[in-house]
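Next, two complexes with chain A in common: one pairs it with chain B, the other with chain C.
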Partner chain A sequence: MKSVEIGKALTVKEESFFKKLKKDFSMNKYIYLMALPMIVYFILFCYIPMYGIIIAFKDFSPRLGIMGSKWVGFKHFYNFFKSIYFGRTFKNTALISLYSLLWGFPAPIILALLINEVRINKFKKAVQTITYLPHFISLVVICGLIIDFTATDGLLNFILSKFGVTPVNWLTKPEWFRTIYISSGIWQSMGWDSIIYLAALTNINPSLYEAAMIDGANRWQQLVHITLPSIAPTIVIMLILNIGGLMSVGYEKIILLYNPLTYTTSDVISSYVYRKGILGANYSFSTAVGLIESAIGFTLIYFANKFSKKISEISLW
Partner chain B sequence: MVYKKSVSERTFDVVNIIFLSILVIICAYPLYYVLMCSLSDPYQLMKHKGILLKPLGFTLNGYKLVFQNPSIRTGFFNTLFYVIAGTFVNMLLTAMSAYVISRKNLMCHKFLMIMITIPMFFSGGLIPFYLQVQRLGLINTRWALIFPSALSIWNLIILRTAFNSVPESLIESAKLDGANDFTILFKIIIPLSKATLAVIALFYAVGHWNSWFNAMIFLRDRTKFPLQLILREILISNETREMMNNLPRTSAQFIQAEAYKTLIKYCTIIVSTLPIVCVYPFIQKYFVKGVMLGSTKE
Partner chain C sequence: MKIKKMMTVMLVLTTVVFSFSGCAKKTVEKTDSSSSNEKISIKYWVPFTPNQYIKSLNESEMYKELENRTNVHIEFIHPAEGQEQEQFNIMINSKELPDVIQNYAGEYKGGIDKAISDGVYLRLNELIEKYAPNYKKLLDEDPELARQVTTDSGNIYCFALIGEDRNEPAWWGPVIRKDLLDELGLKQPETIEEWENVLRQIKEKKKIEAPLVINKKGVDGYGTFVSAFDIGPGFYKKGNDVKYGPIEPGFKEYLTLMNKWYQEGLIDKDFATRDRKSREALITSGKAAAFITEYGLVDQYIPAIKSTNPKAEFVPALIPALKKGDTVHYRVVNNRNGGYEAVITSSCKDPARIVKWFDYAYSKEGYMLFNYGIEGKSYTIENGKPKFTDLMLKNPEGFDYWTVVNKWKLDVGPYLRDYKAIPEFTKFDLAAMDTWTKADDDYVLPPTTLTAEEEEQYSNTMSDIETYKDEMILKFIMGKEPLSKFDDYVKQIKSMGIDQMIQIQQNALNRYYNRKIK
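Right, the complex of A and B next:
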């Protein structure tokens, strides 16, 4: 750090900005050479696609290119808002992500707290190892398993039939789609997401617990007065990140699990973008729809962060 | 008083362990079930309903068929190529980029950091990304699975954190000895950050192994399909067909075909998942370390 300061002081010899830049380039030519692939990558795969968003306001045709296509203003947005798909995909996205947050957010915290209470180290390790495992299984396999287990003659129906439930193919029932989607999501990510909380838990100073025990606090009181306040910053950060993702439900799992029978509850904005854009080649329209989604997401994370900064002084930036 | 407390604590411990054990079973049983199914006799398997604790009969025919199946075999080798080539490109690019952004006295440091941060919060979205890949002429080439996902910002930041922990004095003295930045990166910094490099290489490799969506939208030729895409056809499409028609199963041939289809389905799941499950226990702690590294905020 200090050497940087000195370096700065030395270069401030009233040189012009460009002269300094030139000197910096020649001094660090290899570093800039190394930066080149990264810059090219970001331009090609991040910034040009961002620029490509303007086709949402044009009638894009691949023949004319982005520049040559005609401006149409908010036509595509208007068409989307007018169509029946707006209400449906918007509602589905909101509900799936809201319920995912509601059920999926506390799950890893509770798991971490329970694992933390285990005193037998070997058991603790085993629980951690096995609950992390589903995170690494590919989505295709997970969805294949879900389809297999929820089929009419699948494992789930076998277990449920013991409780007198008549077997149905659960994935053809729109009213069950969210439940299947969210519970399988929790199954897959609960263990892995608990890592971050477990890390926060191990950082708690043990002398706090010792002091509490001397004061006669039982384990529940220790949890409420020491453990939870200590991991609160981690929880808040994770919550902000999750709220940012509130209006974005990834298309990959939806595409693998949905079928036309369940579109009324399963079709979300991103899967609609995929169908319209990639399968239907309505590029401008689907870009407009996608833009609405990411604009909402960005707004949500911005306000979540602002709110958190105000009440707890914890923020992402 | 003390005795009483320890009783309630003990009950809690027991309940906790029982609860966690159930959770462990829920997490592990689906895969175990598939493994048992894949070793079972296909005809018995077809008639069987419900939980399996050991295979019904025993046969490795399913695996034989899987390895004889040309599309699964090409898929497997394609995936191997994507994992190796993709991870190599990932590592090269991530290592160089992490070195660049760990040099804080660079005049463009701030500019580069902004360039990296913006895409974390905002992206062009699926369609402009797709069109850009198309414009670059990558559609239906193997590069479409390598270049567009050549860098993960998350991994870049993890690696930057590791590079930052290499003492500055080491770099300074190497510079005085006339080493250029490539030498410093490859001879000093990389050997000192082996653990983190291993972690992110694993993250990348697992990502390539499991990825299917880019392959689905960018590739046309079946000969270039990765295993996951073949798997999707077997697992997802097969089932949608079954869902749509409830034909009576009369002909013996039809039953045979159906029975083996089910068996092959389970065997393919195991073949595609086993490599990860096998290496997973050994590398698990590195993965966990990776998450921790990512979560340390500077």
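Right, the complex of A and C next:
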């Protein structure tokens, strides 16, 4: 008797899900249509290529193809872990991304809050444009600028020498690499990343501020008690996504900025793989390392999400 | 991963489009059409640097003339600049191959022999025997050349750039500012000691910021300065024994010297972070007095530096030796196989015709066409010698020779080249060739090849060794690591497996000498 009821309840629920979907679909068909290209994009370029992951366990040879290449098990993983540079690159990757998150994550939030407080529209727009600009400059150019500025006779040393600092080439100092890498990263992406927070800020109901003003809250109190809690979901989601990318430091900027002298702090997993894998056409090896990175990223994002769900009820899924 | 896939898809799409357009023209006749002279169209993959005058080799008047003479239409496919390696890899993976691949063919993973046994490239021995009399003659006359276009297992695999002159001069070496030497009353330096003195005086008396510019890695790729210590910059051979320069005792002396020069400020302080542009800026702004380069570039530096300092003058210096009269054994070498190798792929429907077509470039008429272009247009015969016309020398559209060159002749590619077939060498060029070629080149390894297994082991081990070596060289030079640690450094490289790598190179060298050439 009871079990029948449960079964019934289940089917009813399932029906209602499909019904809901159908209803939703007929109601929002144009939105679904708009989403279609992205869905196709992800299927074509993210899901289908995933089968290529199997070459991490093979000795990939172009002519034999993905299916025809020889299976080698965990050889490439083993090669990576036993390399004398595994420890160093792992540590560098972790530290660079951790510090990037620590310093780089709050920057766009603060910028967005500051822009939000500005009341003069012209000034606001100018600030926004100026802070977005670096985002549109090619990375190669950015790195060229950085190299010029940090050279012995560069701008940075010119300014510092006014304060009595002896000029050095900053990019040959391993202890400064992270600082240069992360601060230039913040400079480049802060403006652009603040857009999402600015969008969230416009969604806050103005009546909340009015009510707060009537209660006598000053600007700071409004910020702490209304603005921040209102954009907290956005912040948390962005944080979870960022944590997922913790172990993947892209090689492009690294290889443009590093040199053998700073390897001790600058050589990350991806740059190591670039030297070893891509240049030598060792696709299997780079896929294996990419897989490790993705696995770590997925684990991190999973636990960050779970944690956030538990304490703030905000989560990705 | 995503991007790579996207590029594959795009590349496949473009090749499909290309192959459709090619199909229309192609006469499908598989049986020995070599005797026939019907028009065929082939796809030819080759990197090319476009300029305002010529956007792609499809616009080359020389190749159009060649088409008139041979009835072979070439459809050139140029990979995007700077992405040649990746695009080559993707092309090989995509199974849609052009008929001919030039320049990157040797990058096939596992080597040329593997490419032939995988059925990607064609073995050309029989085809050359039958259809390429001119090329065959060159190989027969020059065993060194024959060895360099043959793999270890005896496959002739390519048509290459071949220097008509068997002893083409060196094109890489040290250059110094003559005006500074003259003002200080110094002779041109020949030994390390003289160099040190010259650099020091230039630094002290002329207040030159960076007297000597060295490259990013701290060691010249062609061994200038390193070779003074009787070693090579990487793998080299002494007699028939392969050695690895960076672990030899001579290398410690080199590092000691560089460290001393660096501390004294005789070397550019920022060398480790300089790219080519910034290095050139240093030279042309007069902040440097000596550097290591190719002569062609110096011709460009001269007008740049003269605009700020009309007195400035460059001269080539001898590749320095340790003691006066010592012979240096390492310098840049022009292999008999001058590179730009073109291979024929298995996609090719009519290899015999293409082989014949390539062979034309090594014939008498082909030699004139490739080196000088079209008679009456790009050159005329004066006193029995070819001379470029104003079209090449003083182009009416205002472009210089190097901009127009590839429209009317071919600068580099698979043909029999006369290196003197350029308008004229400057006084500097001639002096440079003469000066730099005085060094010996018997320590330089010939172009050997590794087997697929060796290759895997080699690239795996060497990438770690190089990482460590590059890092330590800079630390030694810049004094971040004392030179007393050199022995530990050697020990570390040995523990990373250098002995095995030397053995691999040794075996490859032995195989090279034993290549079967008739």
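Criterion: the second predicted complex is superposed on the first by the 264 of 317 C-alpha atoms of A that agree within 3 Å, B and C clash if a C-alpha of one lies under 4 Å from a C-alpha of the other, contacts with A are read in each partner's own complex, and residues count from 1 in each chain.
Here is the rule we use: a residue touches a chain if its C-beta (ideal position, glycine included) is under 8 Å from a C-beta of that chain, and two chains touch if they have at least 3 such contacts.
Worth saying up front: this structure is predicted, and the values here are computed from it rather than measured.
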item	value
Contacts of A:Ile39 with chain B and chain C, given as first, second, both or neither	first
Contacts of A:Pro134 with chain B and chain C, given as first, second, both or neither	first
Which of chain B and chain C A:Asp215 touches, first, second, both or neither	neither
Touched partner set for A:Ser83, first chain B, second chain C, both or neither	second
Which of chain B and chain C A:Ala199 touches, first, second, both or neither	first
Chain B versus chain C as contact partner of A:Ser61, first or second or both or neither	second
Chain B versus chain C as contact partner of A:Phe149, first or second or both or neither	first
Chain B versus chain C as contact partner of A:Ile159, first or second or both or neither	first
Which of chain B and chain C A:Phe123 touches, first, second, both or neither	first
Superposition-derived comparison: chain B or chain C, residues of chain A touched	B
Doubly contacted chain A residues - partners chain C and chain B	45-46, 49, 52, 62, 147-148, 151, 153, 169, 171-172, 259, 278, 287, 290
In the complex with chain A, residue positions of chain C that touch it	1-2, 5-6, 85-86, 89, 92-93, 95, 107, 109-110, 118-120, 216-217, 269-270, 272-273, 275, 278, 459-460, 463-464, 466-468, 470-471, 473-475, 478, 480, 496
Of all residues in chain A, those that touch chain B in their complex	3-4, 7, 20-21, 24, 28, 30-32, 34-35, 37-39, 41-42, 44-53, 55, 62, 111, 114-115, 117-120, 123, 126-127, 129-134, 136-141, 143-145, 147-149, 151, 153, 155, 158-159, 169, 171-172, 187, 191-192, 195-196, 199, 218-219, 251-252, 255-256, 259, 270, 273-274, 277-278, 283, 286-287, 290-291, 293-294, 298, 301
Sites on chain A touched by chain C in the complex	45-46, 49, 52, 61-64, 79, 83-85, 147-148, 150-153, 169, 171-172, 259-261, 263-264, 267, 272, 275-276, 278-282, 287, 290
For the chain B and chain A complex, residues of the former touching the latter	5, 8-9, 12-13, 16-17, 19-20, 23-24, 26-28, 30-31, 33-34, 49-51, 93, 96-97, 99-100, 103-108, 112, 115-116, 118-119, 121-132, 134, 136, 147-148, 150-151, 168, 172, 180-182, 185, 206, 209-210, 212-213, 217, 228, 231-232, 234-236, 239-240, 242-243, 265, 269, 272-273, 276-277, 280-281, 284, 287-288, 291-292, 295
